[in-house]
Amino acid sequence: MMQIVETRIDPERLRDELLDAAAGAYTSFEGWIRNENEGQRVLRLEYEAYVPLAMSEGEQVIREAMERYPVLHARCVHRTGVLEIGDCAVWVGVSSAHRDAAFLACRYIIDKVKVRLPIWKKEHYADGHSGWVNCEQCAAHAHDD
Amino acid sequence: MMQIVETRIDPERLRDELLDAAAGAYTSFEGWIRNENEGQRVLRLEYEAYVPLAMSEGEQVIREAMERYPVLHARCVHRTGVLEIGDCAVWVGVSSAHRDAAFLACRYIIDKVKVRLPIWKKEHYADGHSGWVNCEQCAAHAHDD
Amino acid sequence: MTKSITVRYFAQFREQAGIGEETVAVAAETAADVFRQLQERHGSREPLGHCKVAINDELVGWDAPVADGDTVLLFPPVAGG
Amino acid sequence: MTKSITVRYFAQFREQAGIGEETVAVAAETAADVFRQLQERHGSREPLGHCKVAINDELVGWDAPVADGDTVLLFPPVAGG
């Protein structure tokens, strides 16, 4: 299940929803706002999403992960709006019988969420400037060139 | 930092201790007691540790993970005593600037903790029997044979 | 043939265009045509492959055909997480 | 040469021996000798490579020498997590 929210993400509550008597493993990922990017000091970030497609594409990514790996439950929540240093921007949680599937599905989901969902972020820097962050995949392609 | 505890593991509190303004990624793993193992219905588990060496070997595993991968903080907590279905037996948390290191270090720590620390578990089954669980590595070797 | 297309801009495209949505008359066969003909609006110098496009709320390839009355969503390089 | 060794048993070894710790006189050069000579106590049919051993609270290999007065910890196959 995919969710886009405008308020604080609560990892503890989300984790509890993945509990299952058949689950032996639980893996979570959180993306936190950090104070630096590519050498510039960051004060805060602004996230924007096109919600209808971010939702449907997120659901699709989770379905793919569940088809690839034998997991019991998988969820992702992405926050939008203004986020401060230390805030959680995205959370992924997976529970499964064995840990291999949980790790792989969790990684699959966050990797795809970052490059496939229509979500953008603008960084506000300490020097007063701001800028939209380039996509990971584009940066990787640029490095390949 | 490694801890062996006899009481409930609190993932939320542990996560908060890994917060860092320079961290952009956080990964956690939890091992939960599940209701089945190798076809037998499990009622509860009993964990036993030799604490002095479980501590020192756990610290060593965490040090190795931090040498291998650029992470900011890494912790592991293992619980001992009688655990019920759904209880968290082991928790691993890692925070880092980027997610690749967090995922790899988290996986490294749980993989090594399971096969190197002097910790044992006895399963109590629905049919009244009980048995000590074989180590993962031994089972893997047996399959290789 | 000129088509009436509703275009929606997001993130840096919206900031550059100074507007989130507009209806334009363009001689376009594909989504890529729409993107290129509105270059001065969204101002993107990104390779097309770095951007995404949706027609009527469905993600499509840049060679997808556009029809009169379609809504085309122009997405700059995404950066979730 | 016979040595006085304090042996500690854990998990299934302790249950089999019916005791957690005992001091024994054994003619042993290495940790492996101690393990083999106490076969009837810990009852293990596990390959030595599946078990672990510590001498005086330090994990060692099975070929580590034992000295008079050492404490040898015999660990059955571990299964944390």
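Quick notes on this structure:
Chains: A, B, C and D, in written order; residue numbering restarts at 1 for each.
Keep in mind that, in the parts below, a contact is a pair of C-beta atoms (placed from the backbone, for glycine too) under 8 Å apart; a residue touches a chain by one contact, two chains touch by 3 or more.
The structure presented is a predicted model; accordingly, all values stated were derived computationally and were not measured.
Number of steps on the shortest path from chain A to chain D, with steps defined by chain touch: 2. With centres taken as mean Cα positions, chain C sits 25 Å from chain A. Chain C and chain D have Cα centroids lying 72 Å from one another. Note on chain placement: the centre of chain B and the centre of chain C lie 49 Å apart, centres being C-alpha means. Chain contacts: chain D has no residue touching two or more partner chains. Residue positions 31, 110 of chain A each touch two or more of the other chains.
Which chains touch which is summed up as A-B, A-C, B-D. Those residues of chain A lying in contact with chain B across their complex are 11-12, 15, 19, 21-36, 85-86, 95, 97, 99, 102-103, 106-107, 110. Against chain A, the residues of chain C that register as touching in their complex are 10-12, 46, 49-50, 52, 54, 57, 59, 73, 75-81.
By the touch criterion stated above, chain A contacts chain C in their complex at residues 31, 47-50, 52-54, 57, 78, 89-90, 110, 113-122, 132-138, 141.
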